[in-house]
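Paired with chain B in one complex and with chain C in the other, chain A is shared by the two complexes that follow.
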Partner chain A sequence: MDILQLLVSGIANGCIYGLLALGFVLIYKASEAVNFAQGDMMMLGAFLGVTFINASYADLPFLIGITLAALLLGLFGYLLDRFVLRAIFGQPQFAMVILTIALGFLIRFVAGVIWGHDPTSLETPFVGQVWMLGELMIPVVDAVIILTTVGLTSILYFFFARTRLGVAMQASSQNQMAAYYMGIPVKRINAIVWALSGVVAAIAGVLFAAKGAVEPSVGLLFGIKAFAAAVIGGLGSLPGALLGGLLVGIVEPFAGRYLPEVGQIAPYLLMLVVLVLRPGGLFAQISQKKV
Partner chain B sequence: MSLLQVKDLSISFGGVKAVDGVSFDVEPGEVFTLVGPNGAGKSTIFNLISRLYEPGGGRIIFDGEDITGRPAHDVAGLGIARTFQNIELFDHSSVLQNLLIGRHCRRDTRWFEELFFLPKVRRSEREHRRQVEEVIDFLDLAAYRDKLIAGLPYGVRKVVEIARALSSEPKLILLDEPASGLSVEETQNMAWWIEDMQKDLGLTVLMVEHDMSLVSRVSNRVLAVAEGRPLAMGTAAEVQADPKVIEAYLGTEETA
Partner chain C sequence: MSNRFKSRYDDDINLFEGRWHLAQYALLIALLLAAPWLLGVYYLGELTAVLIWSLAGLGLMLISGHTGQVSLGHAAFMAIGAFTNLALMMRGWHFIPALLASAVTSGVLGAIISRPILRMSGIYLAIATLALSIIIEDLSILAEPITGGVAGLFAPPIDLFGLTIDRYSSPKAFYYLCLTVLVIVTLGYLNLLRSASGRSFLAVRDSEVSARALGVNVTRAKTLSFALSCAMTGLAGALYAHLAQAVNYESFLVLISITLLLQVVIGGLGSVHGAFFGAIVVVLLPQSIAMLRDFLNNTAGISIAAYPGMDTALFALLILLMVIYEPRGLYGVWFKVRTWLQLFPLYRKGMFRRTRTYLKTERQR
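Right, the complex of A and B next:
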């Protein structure tokens, strides 16, 4: 029973890691660089959710609040690409790495000024409620997290598999030059990918704030763990990112319970093991070059 | 009227004039070839026509419309397709997926219709697939339809690139060194396909090529360029016999 209980909480956490890892992979596929501000964008999304939903602020219903937060952070991602990142289009990859690290600092600082440094929780209609499944306790918030993740990833799956825009995104991530000649406006597509990763980060953030407490530096550590999850999945694979997130989420509570000495480093240990056994990650996108 | 008019086109990279006042017209239905030594500016002319580079001067008129100010992603929709000297395919996708993305500029359904795969979308997807299958038949690619590009031999990839270009239903196709890296037999096949594109599909072909046997066989007209400037225009034989062209390739008698 204990094991099942840990599993439920692990899966719910893993869903949030997975969504954040999804954001990493989206940006990586579009720009071939890692957005180290992804965790901080999630934190920003969490605070937007708090602002729209909590009674002391706007006091809107949960669904409207999460939608508004997603739209606003999507717009933020779009503008970030349009006005900040496009300025370094064509520069070496490390330029974008440094730029996103700096953006992370900036976002944390601004969030601290606006919302303060005390941990804040999201007031949800289902706070503290549990469903009993026999002896198994399922917190409603965990169920909401899991269902939202399943819903969001199914929408994303159909978006990438079926829509013209989704296919155009896949094409420009494989070969930007060729994509231009297929009639795909590559730069606009990149901006839309940033918007999409903003939307995903906001939803992850609101779910995160519903389960725990949010303060400005929370995205840093959480983002690094989600990055580990993306690497485990094979940076570049969307299903891999979700699986990596779930694995990290599940490993954490079990390690904390049974191996408290390594509890903190368990996600990185897992990443290390995966990289030794499968250097390209679980869903490797790179193939050995034939000579 | 000419399908493509290039008027006094020029571009500089730093202090180097890569293309310097090149003009030519391509008539509908002809195979027009650019030849010249390495670094003559042939591929640069291609990149200018497909709007990857911004010209320093001159105009490009396609099908009666000035396309000099159009962005690169408009070019496919206007009816210009191209292949690349160093194959630019979507390597982690199958041949079929590559050809279907070639039809991207012809898709006109909306995203919410696509998300729910409405009957209208299903109809248009079937139509796209039919068009792509015609191209597969035309270029004899059926055996490779579901293979990933990353695993295909070089010669086949060159053909797939042409197939992807044809999938977009172009009026003009730009072929950048279609025979480079091909065996004698594959070059022979390439010549047939270029002839078929011209005769059966009624396409206009603008080509850059070094293999003079292929150039002589398929080209209606040839333009020789060197150091960014036009040298001679005419049939393949006329251009090859032109003293200025011989000088550009071999140098003058004193220096050679």
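Right, the complex of A and C next:
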């Protein structure tokens, strides 16, 4: 029973990692850039959620608050790409890594100035409620997180596999120049995908704040862990991101319980093992160039 | 003045292009040697910090700037170097063998780690090295017999040629020690870059496929570069331990790894100068911000002291502008200024205009 209980909380945590990893994968799929500020965007989303929903701020209903937060962060992502990231359009991936690391620092600073450095929790309608499944306790928060994640992942999966826009995004990442020749507006595609990843980050952030507490520096390590999850799954694969997130989420509580010395670093060890065995992640999308 | 007629092949790879070039560096060295008499004790300490971070930056520059493998985990090797040095000195080793041992240990560990890790590329490599840095952070608590656990280790004074060198009681001697190590490593680095190995590193950076086609052993080049890079960073770590006087797991956090990479980028990837420029910015920026703050407080009455993390944010903003407007970093700025001076009336606008580029996919390499 203990093990099952750990598993439930691990899966719920893993879903948040998975959601954040989805944000990474979205951007990677469409522009092959890696957004090291994704964790900080999640933090921003969480704070927006807190601002809209908590009684001490705007005190809006939960669903309206989460929608507003998602839209606002989506707009933020769009503007970010339009006015900052477009300046280095077409440059190597590495430039984007550095740029987003710097952006993360800035976002963290601004959030600290606006919301302060005390951990804040989100007030949800289902706080403290629990479903009993035999002896197994399932907090309603965890159930909501799991359902949202599964739903969002399937929607995005079909978006990329089936819709015109999704396929255009994949094309523009695989070969930017060829995508131009085919008439795809690559720059607009990039902006749209950044907006989309902002929306996903906001949802992840709101769920994160519902389960724990959020403060400005939370994004850095959480983002790195989620990135590890995305890499375990093989960057560029949506189901892979979810699987990686779940693996990281499940490994963490179990390692903390049974191997307390390595509890903190278990996700990274897992990632290194996966990468050493399969350098491109579980669902690898890297291939050797044929000359 | 820069019109040189090349009559031998050696002219292409000479360390110094001519007498004038040599004289410039002689002047720089003379200034650095005279620095203890020109600066106060506090600023001498800052200058020593610049030297040490330059050394660490040189290490990262070799693997990231000249071999093209981005590492986000070099603080791990600083930690290895620092702990090796202090642990050996506490067991009665002399400083110099302990310093060499810390370079060798970080180099060998780097070579061992590089074998599995360098099979990855690009972003995968960056995240793997980042994970390595986080793991080492935890290991330095777990390996208590060597690292002193949570409390860490304290640096004993250095005995060298009958002198007792200590950061506080004899800052000049410590400064000269760091300067000597840095000059030796820099000369070695420049020599490496013009040797066959060094040029094979550049070939791997520019295109792995073409390097392989030209007969470069890519795995060997990467491993060698990573090992040497780790050794240099380990040296810097050992000196840093003596500068900070005490190290524990908190001395080499992931943030240090990230800052080190940002330092190299701000300086200019792929140039030896860049490592130095970057170190100057990283060490002196907090100072300048503090001074600016005092100035604003005193003259305009604007108080910006209320916001914690201000200097990190300004540093980040600087990086942001640098990546957008001058991807070659401070070295790029310096290079443009130098060219303008050298060509004086003949400089044309748009000489350094960047050509339009498209993203090349990393999924095929």
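The rule we apply is simple: the second predicted complex is superposed on the first by the 287 of 291 C-alpha atoms of A that agree within 3 Å, B and C clash if a C-alpha of one lies under 4 Å from a C-alpha of the other, contacts with A are read in each partner's own complex, and residues count from 1 in each chain.
By our rule, contacts are C-beta pairs under 8 Å (C-beta built on N, C-alpha and C of every residue); 3 or more make two chains touch, one makes a residue touch a chain.
Remember, it's a predicted structure, so these values are computed and weren't measured experimentally.
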item	value
Fit-or-clash call for chain B and chain C when the two complexes are aligned on chain A	fit
First, second, both or neither for A:Q174, with chain B first and chain C second	both
Which of chain B and chain C A:R257 touches, first, second, both or neither	neither
Which partner reaches more residues of chain A (counting touched residues only), chain B or chain C	C
Chain B versus chain C as contact partner of A:R164, first or second or both or neither	first
Chain B versus chain C as contact partner of A:M182, first or second or both or neither	first
Spatial angle chain C-chain A-chain B, Cα centroids [nearest 10 degrees]	80
After superposition on chain A, the shortest CA separation from chain B to chain C (Å)	8
Chain B and chain C footprints on chain A, overlapping residues	174-175, 177, 180, 285, 287
Interfacial residue positions of chain C with respect to chain A in the complex	70, 116-117, 119-124, 126-128, 130-132, 134-135, 138, 142, 209, 213, 254, 258, 261-262, 265, 307-310, 312-313, 315-317, 319-320, 323-324, 327, 356-365
Chain B residues within the chain A interface of the complex	50, 52, 71-77, 81-82, 84, 88-93, 101-102, 104-105, 107, 109, 111, 114-115, 117, 121, 150, 164, 168
Complex interface listing, chain A residues touching chain C	31-32, 34, 84, 87-88, 90-95, 97-99, 101-106, 108-110, 112-113, 117, 173-177, 180, 224, 227-228, 231, 235-236, 261-262, 264-265, 268-269, 271-272, 275-276, 279-281, 285-289, 291
Residues of chain A that touch chain B when the two form their complex	155, 158-159, 162-165, 167-168, 170-171, 174-175, 177-178, 180-186, 285, 287
